Amino acid sequence: MTSPSQSAGTAAPASAGPVDPALIEDLVAASRILAAEGILDGYGHVSVRHPSHPERYLMSRSLAPALVSASDILELDLDSNPVDGRGRTLFRERFIHGTIYRARPDVQAVVHSHSPTVIPFGITDVPLKPTFHMAAFLYAGVPVYEIREESGFTNMLVDDNARGRALAATLGDKPVALMRGHGNVVVGPTLPHAVFRAIYTEVNARQQTVAMAIAQGGPVKYLAPEEGDIITNKKPGDIGRAWQLWKSKVMGPP
Amino acid sequence: MTSPSQSAGTAAPASAGPVDPALIEDLVAASRILAAEGILDGYGHVSVRHPSHPERYLMSRSLAPALVSASDILELDLDSNPVDGRGRTLFRERFIHGTIYRARPDVQAVVHSHSPTVIPFGITDVPLKPTFHMAAFLYAGVPVYEIREESGFTNMLVDDNARGRALAATLGDKPVALMRGHGNVVVGPTLPHAVFRAIYTEVNARQQTVAMAIAQGGPVKYLAPEEGDIITNKKPGDIGRAWQLWKSKVMGPP
Amino acid sequence: MTSPSQSAGTAAPASAGPVDPALIEDLVAASRILAAEGILDGYGHVSVRHPSHPERYLMSRSLAPALVSASDILELDLDSNPVDGRGRTLFRERFIHGTIYRARPDVQAVVHSHSPTVIPFGITDVPLKPTFHMAAFLYAGVPVYEIREESGFTNMLVDDNARGRALAATLGDKPVALMRGHGNVVVGPTLPHAVFRAIYTEVNARQQTVAMAIAQGGPVKYLAPEEGDIITNKKPGDIGRAWQLWKSKVMGPP
Amino acid sequence: MTSPSQSAGTAAPASAGPVDPALIEDLVAASRILAAEGILDGYGHVSVRHPSHPERYLMSRSLAPALVSASDILELDLDSNPVDGRGRTLFRERFIHGTIYRARPDVQAVVHSHSPTVIPFGITDVPLKPTFHMAAFLYAGVPVYEIREESGFTNMLVDDNARGRALAATLGDKPVALMRGHGNVVVGPTLPHAVFRAIYTEVNARQQTVAMAIAQGGPVKYLAPEEGDIITNKKPGDIGRAWQLWKSKVMGPP
């Protein structure tokens, strides 16, 4: 899951310029929040698109998410080449992020995780569906990326742009895609939004597991598509309230 | 879930006067306890009726429950208008509280949560029932508020007085009502009692989930209504012992 | 669950004399360990028989177990009258302890808990059985005390000696009895042993829940009675290693 | 689970010489990591083969894993006799380690645990299989050691070399074997690798439990053997990233 920081024989891409330290701080916070909330463990990563230049994004060097600091953040192009690698090891699956930024102009942040209660939904025929309003963003469906379709038997990693494009194609216009036998990818229009979605996808998975267990074959009343659409697209909730809490827990009070 | 603090064109209601700082401290504690015990996360809220005036209640401004302090507490009337908003953002669903205080003279405190193991009981046909004496207050039944009945497809929020009245009507004279696809509301004759009930409703849901799983279709022996009635109405337990523990964990020793 | 410290009109029993402070410290530790390990919450209690006099036992006044200190410990007789109550509130269910000490000369410590994963086994027809060697002590069966048999509909509490005797009769010579719709009682030949058994009964319940779920009706291979008997009665394991760990976590290193 | 540190009448084996303090520190870290991650509790142990001499290994004296320090580490031969016991109590089941080092020249570290979600797979007919890439090492199968086959009814402990050899025979060339009614043993080519495998075996067991529950009899798509083989043998992932995180949590930053 790590690779040297320079593609053989390619000049490094140019930087899109400095980024507001507040955004770097939020990216560091996002990484630590996702670890603290049990979405990421030693593995997984979060990135944010460069605010001034859509063809660059920011991500940590290869490091456990809980340990990320501002000095670990690098800038990459959408082919996931680093601007200034300095020999630092990169995440092998950074291609998940670059290909999604290319495919999805609406997306400003991407999370890749092995979120534990979500993984079972990617290896069964059970579709992940919203149990409650906080996970309404799941309403339009959660596609499953099956890596064998394009790549046959592999090491299960999206560790090049071809696989990244296949995953982005599966994701389509959705906020979440599961990766069979691996984990999931979650996207959002802002960094706090992507973090919120990553956390509430896991919460939803836990609730759906319990609902299916107690229903014992009986009906489970998931959110109606109309409800999901209203909440997600017309009357969104307040992400900031949770972001403030999560950030204060990992970064200390402002 | 947040709204500006003044209804358009309405004079703010008059204050019912100062409140014992000990009650404000308990309201702050209640908010933090419910977060610490996993009942609330970044969302949800707890309120208490004004001790001197039944037509006022106290609640935090819109803020993650774990972060609430005494200076965040505001006074509202039973239409959920703030007495002294000072431009602070309010909880969008404060109407849950005001309408219940109006409908239920016996209620002195209200908790609204997205308590995670309880939500599945609101989206299945499985009634929540008391597995043990600590949750005896569930004995007379736990109604489920289905927002579609009055409001059709919505953002699932009780964000006005009409919806609040519909929820209060569903709650009736019960201590707990579930809100399909959303969470629950829990009420009590005192603040510690409402907090106790919110916590033990979640504990009960976990135990009921396990009981149903191991029973594998066989019988589950819930408390008899007679047992529930004796414990709830005739020989209540000692809420104070748990309140002292919970409060000391979030506020430090007295 | 609390009652005044003096029975009307009865002279307090005589003290059996001072107790080694090391035992008081272990009783305080036991209470805090059981809270820290999730066996007790704001409720439940642990006691130890007086080392010099079999007709006295030691227990905290009515207090959340995590908050117990040496100054909270009182001495009681086997009818659960305090030697020196000093107006302190006692546990309403102290009668569980006194009646067991009377019925069971082999028992030196008693734990009463609402251990959460164990409760479902007391309200279903599923017998709790040892999944692994650490819970071998369950091998001879885990009886269930049904309070209705002697007392009809009640507040579910063992809050007098008559009910205590009924529970002790159900417990018989076993280490654990479940209390339907309430919790359980666990006994041991020493205080660390009773604490160990209380913790591993809960661990066993969690493992049995998972085993039954994955078996999906297929066989579950519990310990054979011969295996349970060898471990429990002939070749016991080392309780001290766990006790040292648990005690250091709640009391700090020695 | 503890025994005196000298076999009757046998001269202690010779030491293979000093060990790099960094390896001792890693062994201490491994023990604490496994406790912190919930794989070990007061019981269980981890060892590492002597880096200079294949016929010696290092392990703590009998102590709860969370409490291990460098001064607790002893050197043993492959019959599990201590080089310099100094009267310290040893783990009764150290024979698990010595016999595996003898049978498996490829193995440099061994973990024995009572990992709680794994135990149910050893007492049912449900084979543990890899749900995701991080547990790919399970792909070739997870044998179950049934102690009754060679030893009849016992105390369930592998507390001599004969039982150790039987367990090692069951393990064969696999990374993990379950021990019916007891726990499991996990091996690896390095200490961090064995720790990684012990943790991800438990994570996999949790995910498999959920997958089987939601599948409700429908298919579960485990990793294909080809996928398991590629990840385990051809393109392994980065253990170091997780090891760095886990070690920093229990030992503080370097």
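Descriptive notes on the structure:
Note that the chains are named A, B, C and D in the order they appear, and that numbering of residues resets to 1 at the start of each chain.
The working rule: a residue touches a chain if its C-beta (ideal position, glycine included) is under 8 Å from a C-beta of that chain, and two chains touch if they have at least 3 such contacts.
The structure displayed is predicted, hence computed values, not measured ones.
Common partners of chain A and chain B, by the touch rule above, are absent. In the contact between chain A and chain D, the residue numbers used by both copies make up under half of all numbers at that interface. Chain geometry summary: the mean Cα position of chain B and that of chain C are 33 Å apart. Separating the centre of chain B from that of chain D, both taken as means of CA atoms, is a distance of 47 Å.
For chain C, the set of residues that touch two or more other chains comprises 208, 213.
Residues 1-2, 41-43, 62-64, 66-67, 92, 114, 116-117, 119-121, 123-126, 148, 153-157, 180-183, 208-209, 212-213, 217 of chain B touch chain A in their complex. Remark: chain D residues 130-134, 136, 203, 206-208, 210-211, 213-216, 218-224, 226-227, 230-231, 234-235, 237-238, 241-246, 248 touch chain A in the complex.
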